[in-house]
Amino acid sequence: MGKFGFALSPSSRINLDTLDNVKFAHLIEIEPDVLKCMACGSCTASCTAGKFVKTSMRSAILALQNGRNEEAISLLKSCLLCGKCTMVCPRAINTRHLIISILKVYQ
Amino acid sequence: MIYQGKQKIWSDYQKEIPDDHYFYVRSCIRQNLFPASEKTFLDITRNKLGKDFFETEHHTTCGGIAYHCDTIPQETSMTIIARQFALMHKYGYENYVCSCITSFGLYTETLETWHEFPELEAKIKDNLWKTCKLEFAKPKYLAHASDIIYKYRNLIAAQAKYKLINKKTGQPLRVVEHIGCHYGKMFPSKSVGGAEYPYVLAGMIEAWGGEVIDYPERRHCCGYGFRQYHIRSNRGYSLSNTHKKFESMEPYKPDMIITNCPGCPYFLDRWQYVISEMEGKTYGENGHGIPVFTYEEVAGLVMGYNPWDLGLQMHQVGVEPLLEKIGIPYDPKEKYKGPGGKDIGRPELPTCGCL
Amino acid sequence: MRERIAGGYDNFVLPFMIGMTFIFIYLFIALIRLFAHIPPKDRIKFFKSLVNPKILYMNCRDILMDCLLHVKIFKRNLLLGYMHASIAFGWFMLIVVGHIEMWLYVPQRNGLLYYPVFFRYFVKQEGDLTLKGAFFFFLMDFFLLMVLSGVGLAMYKRFRSTAMGMRRTTKPCFADRVALACLWSIFPLRLLAESFTAGIAGGSFLTKPMYWLFANFLSDDTHILPTWWAYSTALGLFFLALPFSRYMHIPTEAFLILLRNAGLKVTKPRKGFAEAEIYSCSSCGICIDACPMNIQKKNLPFSSVYFIRFLRRHNTRKINQISDKCLMCGKCVALCPVGIESCGIKRAQRGTLYNSIKHDYSYLAAAHHTPAGAPEILPDNITPAAMMGTATAVAAPATEKVLYFAGCMTHLTTSIIKNLTEIFESSGTEYVFADKDGGVCCGRPLILAGREDAAKEVIAKNTELIRSSGCKKVVLSCPICLKVLREEYNLKGIELVHHTQFINTLLSQGKIKVAKGAGSMVYHNPCELGRGCGIYREPLNVLEQLGELKRAAKEGKESICCGGSLGSLTLSYEDRGKITQGSLAALTVNNPERIVTACPLCLKTFSDKSDRPVVDIAQIVNENICSVR
Amino acid sequence: MKNIVVIGGGPSGMEASAQLHKMGYNVILVEKSPALGGHLAKWDRLFPQGVHAGNILEGMISNINGVKYFLNANVQSINALGKSYNVILDNGITVLADAVLFATGFDLFKAEKKEEYGYGIYEHVITNADLENWFRTKNDQRIVENPKRIGFVHCVGSRDEKAGNRYCSKVCCATAVKQACEIKQEFPGAEVFCFYMDLRMFGRGYEDLYLSAQKEYGVRFIRGRVSEVAENINKELVVKAEDTLSGKPLKVTIDLLVLMSGMQNCSAGVKVAGQIGVAGMENDGFFETKDSIYSLQQALKPGVFFAGACTGPKTLPDSLHEARAAALAIHTYLQARDHQ
């Protein structure tokens, strides 16, 4: 805070200009289904782990696309891989493999 | 930027500005922060251009800051405004001009509200009579003081001693124009040039020889934002907004900034000092800041006023490098002398190019 | 019968001896390496098993039945079984009888490896044929004929595999082709060699006539030695190619039986027990037809046989590709004549990829089961803290109530929950609904994905929750949960049953009675219930009481996965759809009105693609309950 | 022989003319521009399958063989005369028409009206129509070589009270997704962003188009309306929007911005219709039909008919269906009139 008692506040803005896409490209290679999400939220609504702690496939995909990798991991590390999201996804995304791949690529 | 495209938009936002006979109201904070600006405005309009600008000591604050900080209700501020208009009417004027952007925004908002809700207007009329026994009136024309200078820009240019041109290189100065949010963003049609590409200051810059620079965050607020600055814990947010603007304009290497709002020149000027203290970063040439001016100050400069009579010694960012660039003579010894040669003191921490 | 060649040696035995020496050294080193990778605890277990008479008996029986007689293949297809058994058993007997002959006639040559193999070259028949001699001559010719008939069938199978009940066969690799060429030539060459020497060394119904036949147009004996050379060379080459070919299964398979009977399991995907399994694969290709994925030709390279081949070649990319794709339905394991647990190896392989993935299940500490609404079903002395499963939780006093554990997937198929709870009520079963408001995943999906460590935390939590209920019986709707609860949980003293079993018991105890009004139906046996938990009889028993049970094209342990399996990590939705359609086609060959299954995942997967109603067994039972209690 | 004046030589005007001509009516087709085809003539390919607009147009033009048509012709005046309409064209021709069909189509929303997007002000901002023109001619200075990033702004002048158009223009979502794929074909190395409020992929094959844009072309869909666009010192465009799914403001710098201009009722058509008291609806400016379900081709005035986008945003197949329906409606009307 220094002598002023306040400081520049960090930007909460998503800056796509500074996005590093290398990992995401790698993820697409492993599991191209990541591109298919249309953010309907079914996965999050049906999530077994989501009953206890915020767990969201949809938000994680979005976070990755916005360069918020840490956030994506924190949204998925609670996942139990039960597969309910795979069953309810209207775009038939292979969510379990996507989750494992995200955790593997970004950890 | 395609200039013809902007011109087309400007032609869509032509505002009618009467030539003469105005009722002038000052700004609360400008009188404190840039006291010479309003004085210069009246001097130019009355004495150099021979126009009729009337002011009365009876006018008060418009209540804008209190209104925007939610400390007084709308009806109260409307009644205050009705009183100002009534004063104008009482002294026989119908063109109203204010020095403050917040006031201008609030006046416009009030007039539009009365137009949409006549019953509210009737109520305010009633309030006015009950409280002040004054006759309700509405101005025929409402203008901001920068509209007036915009209107007279070519007359001023005709009398100008200096141009906004780098004396050494002969190149036009690169000028950032910053418009107060409440000037055109609320009612684009009431502004010169609209909200997206306002022309009011750009017109002055062009007329006086400078070159307007357009940078991505030009629309962004200076960071004042009433509630943000007034609460100390929010000041970091206020500062961050200013910081964002400077980061955005930096690649264009601006020579100066012109503003038309009470808060903007203050924050664009003072926050440069704070940023340099915090981050060690300055945005002007040679480790200096970028000097920030009100449009009256710039008008005064081109017309050859003594910089210290324009109150430029009150700025945080020193103006001397710019004066030298333009070729305006100044006496460094006179800088901190007030009326009658009295010493007005010096800044304690002269940084950020404060000479 | 006495020795013909002085010194009992000829140079032509050299190729054989080189091959034999090589293979012995190779096997010896391999054995040591394999033992080195077996966890010490397992090693001790193995050596102890060798002196355990019961296991010893099992070992002998299994080696005879599986390695020599190939009983499993016989059960599948007679001709195919005979082909395998004739070569294996015939060859084995040739070796045994060969040794016996040596011991009997030339005991001084005992210990010479090559001697019994080339016995007929080194001896000559003297005097009249004795009965004993004739007996051995007959045996040797008989088993040679047996082997030859097997080789003949094998050749025939190359061209027409369907005749042996195999739609598709394995594509042999180069070493396989070399070994195969040798194998195919060994026995015809032996026949030739023994026939040529039959005039000197004697022979029986096969070699003697051959001798006479050749004697008609072969004027001298110069062709004898080259033929023996050829025979020896074929053998030698075969042994040299052996470790690099599928025939490595011959020595390994017997050893695998010993390891398996000792109770060892796969721990690493490539080393130790797994290595024994890998080299026991005979590449017979039965798993190719078994795999539900192979409804599409493009998936053939993902069959277990190729998985094992790539494991042998250390081709990590392909290994991972196949292990990630596998449905883990277990059908290839169920049908494998050698009993190779390829799913276990795949799981271990996934473990190398995914077990290290970090997880955070700290939220589980606060998780608790929400018993079905009303507080009165809680025994009085269970504190809320106990139900919360906090550190203070103690095992609750035993209760007669059953614990119903629906599982994650069952919450997507509300018909199962609704019908089963109605059955509970109809039958007067008092129950506690463990995860009425959603529970904690059972952990099997994590295990299937190779994340054993993560699964352990989930298992510990669920164990605690189940124990804290005080119930002595858990009824589960999801076979995936059932399998993991049985295999990985420590729930001693608590009975774990699937709802098919539970309903079957209710019927047999007369707690519910059903009418035979369900019309015609076919039963789909879910992978995890049938092959996974061995529950085949109970559902059929229930359904037989409800209506006309039609046959499916593939049933029991050959039941085809619905395509929805959680086992596969990378199989695309489109490819899964093809499997679902294939499975449905097999189920509906006899045109049943409805398809009945007993797994929420199968129910949901089939429902999306089926042209006729798909229901859970609980629903069809509940619909037909005619009287209660 | 009965005269029918068809105003507008776009797809629906041509299709209706061809059908009416086949039925034996004397059709006079009036087109204000120098060529037939309307907006279709300016388009390169059509969603969802990417059929070439030129091929479709050729087929339509060959279909109107025998129809009298006037190019560069405007309706100078039109007035009711008993049950007929007296139509005077500015080329001196006068027709006493038994029925008049308005197939006047639409105007594209003028993108410069959305000042904050900087069309006509920033060097690399273009519209959907400009992009189609570029696809056909490959001639547009505003499109830089090998752009790294390209943005599409959906709903420009649609679903926007400020722009005066509250309605959805129906075709822009599919057009944007189609164009996003096409520009990715042109510049495979570019990142493409679509800023949308809702994706309205309602038609057959449209959802497939959307999926392929995501899966095959890696187009990034950002759910948020672009709030402002600025030009930086390199003449790149700094686009700001809220990523509403994350609830965070978002910034991205791009090389080319394509504005999906929506549809408005054709101003020239409105002027002509006004002369016989046929006007646009207050809420959206499109012509008022006799009812909203059953008689979409009839105007409130007898003898006046509509086809195509003059009664609301429509896709090309929609407009063609309406053209055929209008031909039948005119035929039914004229037969009924004769019986009376």
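Brief remarks follow.
Note that the chains take the letters A, B, C and D in the order they are written out, and that residue 1 is the start of every chain.
Everything that follows uses one rule, which is that a contact is a pair of C-beta atoms (placed from the backbone, for glycine too) under 8 Å apart; a residue touches a chain by one contact, two chains touch by 3 or more.
Since the model is a prediction, treat every value here as computed from it, not as a measurement.
Averaging the CA coordinates per chain and comparing them to the mean over all protein CA atoms picks out A as nearest. Averaged C-alpha coordinates give centres for chain C and chain D that are 65 Å from one another. If you average the CA atoms of chain B and of chain C, the two centres end up 85 Å from each other.
Mean C-alpha positions place chain A and chain B at a centre distance of 46 Å. Centre to centre, using the average C-alpha position, chain B and chain D are separated by 45 Å. Shown for chain B are the residues in touch with two or more other chains, of which there are none.
Residue positions of chain D in touch with at least two other chains are not found.
The residues of chain A never reach two or more other chains; the list is empty.
Chains touching one another, given as pairs, are A-B, A-C, A-D, B-D. Of all residues in chain A, only 12-17, 21, 28, 32, 35-39, 58-59, 62-63, 65-66, 68, 91 touch chain D in the complex they form. Contact residues of chain B toward chain D in the complex are 1-2, 4-6, 8-9, 194-197, 214-219, 248, 251-252.
Those residues of chain D that touch chain B in the complex are listed here as 112, 115-116, 118-123, 228, 230-233, 238. Per the touch definition, chain C reaches chain A in the complex via residues 324, 353-354, 357-361, 363-364, 366-367, 408-409, 411-412, 437-441, 443, 445-446, 449, 451, 458, 564, 566, 569-573, 601, 604.
On the chain D side of its complex with chain A, the touching residues are 191, 193, 199, 210-211, 214-215, 218, 220-221, 223, 243, 245-246, 248-253.
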